């Protein structure tokens, strides 16, 4: 069993991306499954090709993409990706799509094919808050989630895929306004580990 | 150098109090100072007498009381205690003072005599968010802070005192609404350790 | 031109539903269009049949359903409805579907066919905050939005449809915790009026 | 009976100050009391002298200062002012005191001498949320509240005084992030009117 975990490059003026930092902290084996870690660009076009290259190279059974959702207080597991790109700021390659479909002939949405409720229960069961989210936004995170589910639907039918959002790390939240929620990177990584465990077992 | 750290019993329907749980995790020595840990009742009258007993017994140089502030996202250092008791729920002894002064002949407020800005800077400097708070509320936390500062002012002039509020622990936040902020107990304890360090050094 | 505006009955222990209260305050004509007001049950099954009855009876060109989203601070226009029912509490008829599709053979999602960005711009242009939302939840609101868009897709192709969430009214927020956002009913109704105007013009 | 209501000039990059805009909307008579409206500078030194000039000129029985608290969701009545100036940004005169007492020989704090609970009850009783606040911050708002209460204590013993914070107006919140709370100016002014009524009656 192989799990491809992707994490984004920093964006939006941040020096680090807690998604990639947490993915890097994961062990190489979780519940017997091999964990492959891949950093991908925070860019609409390049992110998708980077994940597909990873799929072709590593032949994973599961693809879990991880992204930063500054302002959320815990790890959230996305239920659905929508066929829409609407960027409030340019991506790291300078692209800024406005109100465009991600896939001209694609369906309005894909549901995650990893078990989101089971993941949430497993993380919570280990004493760390975790919730389902019903929106991955309309930026690069939703784009990657939609495209990987689309690829799985049309080209790689054996792959299960999904997306997990993580809060700011503690270090990132220093200097931000009082009330900004965060999690230590180690606790984010632990949440991801329990998430993978729920997918595998 | 001796630092008396107090933490409250659970209240308001919670099974644990992250303040006391974090105080228990502290080492017995921080920056050369001896750390004395004392659990106190979450009750207007009994809390104050428990702290004064601790003062008489241990003769500390510094008293830092620690309490739970559910809903805050990081450790906050209180700047000021006010001469007011106004309880939204009964305390653990069943008392519920409404709009009463804590000390009939006391001043309207006391400022913390521990260096709140230096504490915040030291915690933040170690990569953990921390903020000053200008209200400790009107429940037992404010009561303890006010009374200890009053005792220091009138009876134990060598003592420096203050109050630190901590968020829900991760375990407590499980099952609470999405968006409820929290910190792992270990990270709360780390924050307290850096706080003590800033007071001592 | 006819616009059918639906508003829900109270639910979740509330005495009123600000959605229906605000719909009732609307004028009978907006920008030349006739406004038809229909209260519908807060129940998975009954809500949909009530809206379809309204469609058959009034033959509207546009159907805008309005619901309460306690905790949001302004009127939000929903972009997407998903094929999922997952109820945290029973509906007013006692039904509580868990993780079920709304329509066995339906697509994963429908996008609103009313112009959500134009609506937001028109409300904001009149000095009232308004935002797009990318999740209508998984309760009766999302159910009605999904089903009306499904009906429009398969049976009533001329109809444009969408969903608008409104915050607690001022009266409802009295007695709720400090920080609970709200809007006066009159301002909610004004927002709805500018929303309809944007759809019509 | 005369009530002096002060409201600040805009600050912090805002084009208007909802405090002054709402004060301007007040009637000239509330519950038989004459309402005198005075705009004051958002500056540590000048604000205080402006209020004292107003006191000398109008000989009010009550002084209520009103200020903006962006981020709060309803009108809040301040219970206490503290002897501390600590400005995160320069005031409109370019002054930025850091960790300084407002009054070298003043007490640590003054409690409002207007009846804060009665005010909150009267506003809520008219269907508009309102809460007590236990911190007026450490910027110009707290400065004015502290100094007016100090003046009343040492020089004008007949005067009752207090401070009321108001949220962003609807217009101000347009363009701010989703979730930013606000109130229509008319509803802010209504709240102030019920507040004055509670002081007078």
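We call the chains A, B, C and D, going by the order they appear; numbering starts again at 1 in every chain.
Following the convention adopted for this analysis, contacts are C-beta pairs under 8 Å (C-beta built on N, C-alpha and C of every residue); 3 or more make two chains touch, one makes a residue touch a chain.
Everything quoted here is computed from the prediction, not taken from an experiment.
Our note on geometry: subunit C versus subunit D, Cα centroid distance of 38 Å, whole angstroms.
Centre-to-centre, using mean CA coordinates, subunit A is 46 Å away from subunit D.
Note on chain placement: the centre of subunit B and the centre of subunit D lie 30 Å apart, centres being C-alpha means.
Shared contact sites, meaning residues of subunit C that touch two or more other chains, are absent.
Taken chain by chain, the contacts form a single closed ring in which each chain touches exactly two others. Looking at which chains touch one another, you get A-B, A-C, B-D, C-D. Remark: subunit B residues 79-80, 82, 84, 99, 107-111, 117, 133-135, 137-138 touch subunit D in the complex. Interface residues of subunit A facing subunit B in the complex, by the touch rule stated above, are 72-74, 76, 124, 127-129, 131, 170-171, 173-176, 178-184, 187.
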